[in-house]
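Note that chain A is present in both complexes that follow, paired respectively with chain B and with chain C.
Presenting the complex of A and B:
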């Protein structure tokens, strides 16, 4: 009969051998000795597109995914090339990224931070994704950006509008092309003053999460600076579907403007409820009652139907921009043509920002000559570009936020077709929405240093 | 005073939806003894019946001659609706405008059919299984139905407007002697409340004054004895499942103009409706209706700005607080019978 008598020395030896055995596969992977996470070794490179494929923003996620697929096609030299033809940087030549064919994996964020982190983690660890992009929620963007920073991969944010993404939660490995709450407030305020006057009483209904808070803060500070008074600001649960209980007090508050800091289904329902309660037919303080939706989305406008008519808001981009405002917004028509021909309808702004982010990443890798996140960071820092649909744009190095023109739009009264949902009221120049990186609305964060992982 | 009146009105229309769903839910529990977590999905499918009916009415074919260019600059062909071709422009427009009320004619048979299929195809196999099994299978079914709707209709809400005649609001303030425009209430919400009252009354009348209803009530009270009398109570209970599905479906269809339907709306109502049923008393029809309106009004008051200033977030938990208090003081619910769900 044998006996098992473990010794301290034997235990250490066994542990060392077992540890080395377990570590060997990791070492043999490229990132074990290439200096950064998921360094591509073969003739392909894998990108991870993490979008809401279920949950309330699934339609936006589907549009983002369409745009990503289109971007990959164009990067690999398929299709008509889209914005590669108009992009001011000519580093991309349709042969993939640095000669490596682009392939992609997808994940479902479910518009939940935990689920989004889990799917991004899986794409990084199991699929070897060297970059993660997508998303339609600031909560998700902040969570996934932090994960990418820890993991040592680049995060090219999709639709995220909260100041926090490039404010207090900014990260060196994260980049945002989409505009933010501050920019919405800065662009909207002068238009609101011109349209509705400087003597207004505003009532805010605000989605109870970080995007809602920063949007309320941005719109309040910019409108109060004009002379508007904020009579009340009420937080509404993200899960709310019937806003009638919140709308009813507005009528008795003395307010003559309702600001709906809501997005997605919340916006559709709160706007529908407000219109049902006849707010827009009322005269308060001798003025027509008005409703404002700071962040517009074409897909949400479609969901709100006729209720969106005449409502003012802001957008990052619109598919009709180049047709309406000329060649400053070059790239828009090329993208709309590629997207429309492939899918049969115009792209949303969520699709646009995701497409652009993919191209910008590929371009940065090519210009920097490496997939190393620190090389990408360097290539994108203070990078100025044009021809991607928004006019001249700067990727500011201080906070990794893009600065470009912002659209102030209004729900169209007489749409010519089902896609013709908004009219562009004003384009606010980039310098009017630019702020210092340490602006109080963005304070408390630090980019830190880029993390190549590995 | 006017704020209180307004919140009572708010509570009534919210309570109408809770009461209608809870009525169907408690009918199924009272007759079949099944805890049906797919009931919220039936409400959602009812709303999508209204959407589908609207889409049927706007079915069209392309004109043969282009009338302009589309967003890509290609020739654009106008859509010509069949209802305009078949019934003329004005009648066609009227039908499209009144799509939601007219959709009830479409919703009732569809929901009865879905109810039958659900009961015969799945739920009957779980009659003698523990409630936990019933909850799991019906919850799974609810997820499946939600995903099916999302597959066919997408995740975005569908705007489904009320007829133009009911688009405005009624000024109760002017009528009751308050300042004008202080108590205004959308016409369609008032109609929804009246509709709920009629449907609830009809269900009670059906159960109270028809032989069928009498047998069902007897079966709810003592299923074995009714069976011993030679009555096929199972068949009647299956029919009641179909009726419960139809009631919930109608509630959903008429609710579509209040909040644009989306595939997840059933889940939003399901948990609250269950609380309503439990507070009202499992299996008690009057209890479900009473608790529906009561909790709707309580929730509405808890959402008032003045209340939220004192207790932030109370609106999100008030229904559950009331449920806890009622169940602690009266475990069988407001109008529940002793012994039901107490084992």
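Presenting the complex of A and C:
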């Protein structure tokens, strides 16, 4: 037991120390000197690019990173300027963003929400990033978007296709240029009915996370509306690499269409398994067995090789768009040219959306005159633009989702070279894939108000 | 003081000082300088350092004292996290109930796992715990998706019931707090070019870690701790003398499970999100490495090990090619490229490689971990004294 026996000197000393301790906070200034988190102070501004460098979506992540580097080059006035020449808004002049040179930091999301948030947090807290972009998984995108909303920085979503990102998990500080599950379903269904008939029985294999769920729901509801029947829908873990055990039951189910709600490495593996099992050579119910991949990409087509031939899916953008469909999609060639010059091959749609998002952010900051998230929010709300490769596009203010044309594509039977892997079946006009902001597939969320942080 | 010997009280005081002054110690380089890359004094990493310190302290109570090597401790961390987030979704965003419930739930779960796994010892025990952990991971990842959110994970939303808090307006983000003090609130102190960040969440986590550390000292020095050491040195002999060792090992297992749950709850309190990945077997392996790297069976070792690993994970992994090119820019082109090529595999994505090398070196040359390294350095300066005390320069084990 200690005894409390203060001396006069001891009391005075303790009092002084305690007083100094209490007074200390008045010498400390709070966060956010300029009214918002990570306000750039010097002559540079830092952006954070958080992409998967490992895991099933690593290929997409690597391509996204290339696009980010290219975008930063163009913003800083290096290289040939890419889409800055074709962009309908002329606010950007190649001197960085508002005269500040653009710097960037990168991180690895590992396609895991925990790791992605840790990486994004260190970008915000340590590196002072004022905007976070990237992501190749909707699970990650939703987690990081929520973090950015809390921290008061802007999140420019990269490759994320789930309805939830701008649906039930939408946030005022988050913006998405990429299309979504609903748009895929709406664009695909009429083509599928025309190609394969209106009395098909579909079997879904679905990646077990929010993107898989909404894609399954979207494809299901739009094909069922046209008369298709859904036999079964089975969920598969995102980390699986072998899908044989999921493919075997498909043959017994009596289904004549297999819908693979898979992406990236998952889709490459499941499609390869399905083709190896001879599904495509089968005739069920007197019809040829067909496989559908709702979300398609060039990287996946490259990974899946010959198995992708003849398979239908939807895309946000394709590098050959302007060549094939003309100047409505201006910007495509400019981007492909600068990407090709730098890296030696054409960009994927993941690269495109990340590049465009970076330019859109820079443009919104410049037009709004501030890096403050609320100013960016205002500048992007209901912003109409053109010349970024997708034709006329609207950034809807109600849910921060872009509305533009959607491509329905098919794996080419006789590719001319290793990059020319998909042919465009049809372009579905933006108004056919537009929905109300409170559509049932998107219900249950609210943007809230923009959060500038401190 | 506090029932501790002078030596232990000194150790506790050192750890407390380290915790309090961490924002200064971890930020030795001025902002904007090239070395600022190595600063670790930002809230997220400081929180992780102390939270994984708690995790490792708890693991050390089991592994360091009884010698039972559990390969499934991440499961308890995960269970604690899920319990905490559900508390935040259902009850209140205040962190206290979340942390309490996470400890309790992890304790119950470890009681169940321990009761079954402790029927075996040695490698069989390790495999049993590993199996349980992987089962829990699989359950959280796909089977129990309605409760755990699966791959998507769980986050508090404004639509959650949260019966003790008032309803939030649409789209508002619920913030974890301690009676209104947000975990995120920080104050910054600028001295010259240096910026030091003092974060509320970090100090709360650090305070909890000090309590955890104090408890661990008391356990190490108690008769109960002595029994656990006896289990490690010769469990058979202990059984022959008529002592039933199982209650002791089970108690140690549950205590260490509760520590893991506490760490899980704190993780959620600091960053309100749970993903199933934190239960993956690599996470269980990580805490084993932390403990061995720092020095199993020592008091401060696990904390040091946890700190080193988390530092490398967050700092070394962020050094990318561009950064390397900046460092070596002053050299002639050929040598610069060569150096970048040589160093690049060990940083950035390759940080695991560096960690592996460090781990190997420590295990080969310092079997007692970083603590042994520290005491060897200490001995170098105290050679004369120790020479007279113990002729061999080290103590001989009792066996």
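Keep in mind that, in the parts below, the second predicted complex is superposed on the first by the 423 of 454 C-alpha atoms of A that agree within 3 Å, B and C clash if a C-alpha of one lies under 4 Å from a C-alpha of the other, contacts with A are read in each partner's own complex, and residues count from 1 in each chain.
The rule is simple: a contact is a pair of C-beta atoms (placed from the backbone, for glycine too) under 8 Å apart; a residue touches a chain by one contact, two chains touch by 3 or more.
The structure displayed is predicted, hence computed values, not measured ones.
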{"item": "Chain A as common anchor, with chain B and chain C clashing or fitting", "value": "fit"}
{"item": "Partner chain in contact with A:277 - chain B first, chain C second, else both or neither", "value": "first"}
{"item": "Chain B versus chain C as contact partner of A:269, first or second or both or neither", "value": "first"}
{"item": "Cα-centre angle that chain B and chain C span when viewed from chain A, reported as a multiple of 10 degrees", "value": "60"}
{"item": "Which superposed partner A:306 touches (first chain B, second chain C, both, neither)", "value": "first"}
{"item": "Contacts of A:85 with chain B and chain C, given as first, second, both or neither", "value": "neither"}
{"item": "First, second, both or neither for A:417, with chain B first and chain C second", "value": "first"}
{"item": "Which of chain B and chain C A:288 touches, first, second, both or neither", "value": "neither"}
{"item": "Chain B versus chain C as contact partner of A:57, first or second or both or neither", "value": "first"}
{"item": "Which of chain B and chain C A:232 touches, first, second, both or neither", "value": "first"}
{"item": "Chain B versus chain C - smallest C-alpha distance in the overlay, whole Å", "value": "5"}
{"item": "Residues of chain A that lie at the interface with chain B and also at the interface with chain C", "value": "54, 235, 237, 239"}
{"item": "Interfacial residue positions of chain A with respect to chain C in the complex", "value": "2, 25, 27-31, 42, 53-54, 105-108, 112-115, 117-118, 121-122, 125-126, 138-139, 142-143, 146-147, 149-151, 171-172, 207-210, 235, 237-239, 444-449, 451"}
{"item": "Touching residues (chain side chain A, partner chain B) in the complex", "value": "54-59, 62, 232, 234-235, 237, 239, 241-242, 244-246, 248-249, 251-253, 265, 268-269, 272-273, 276-278, 281-282, 299-300, 302-307, 319-320, 336-337, 340-341, 345-346, 417, 419-420"}
{"item": "Residue numbers on chain C that touch chain A, as the complex places them", "value": "1, 32, 39, 42-45, 48, 141-142, 145, 150-153, 155, 158-159, 169-173, 175, 184, 186-190, 197-198, 271, 273-275, 277-278, 314, 317-318, 320, 349"}
{"item": "Residues of chain B that touch chain A when the two form their complex", "value": "2-3, 6-7, 10, 13-14, 70-72, 76, 147, 150, 154-159, 161, 168-169, 181-182, 184-186, 188-189, 258-260, 262, 264-265, 268, 299-300, 303-305, 308, 312, 315-316"}
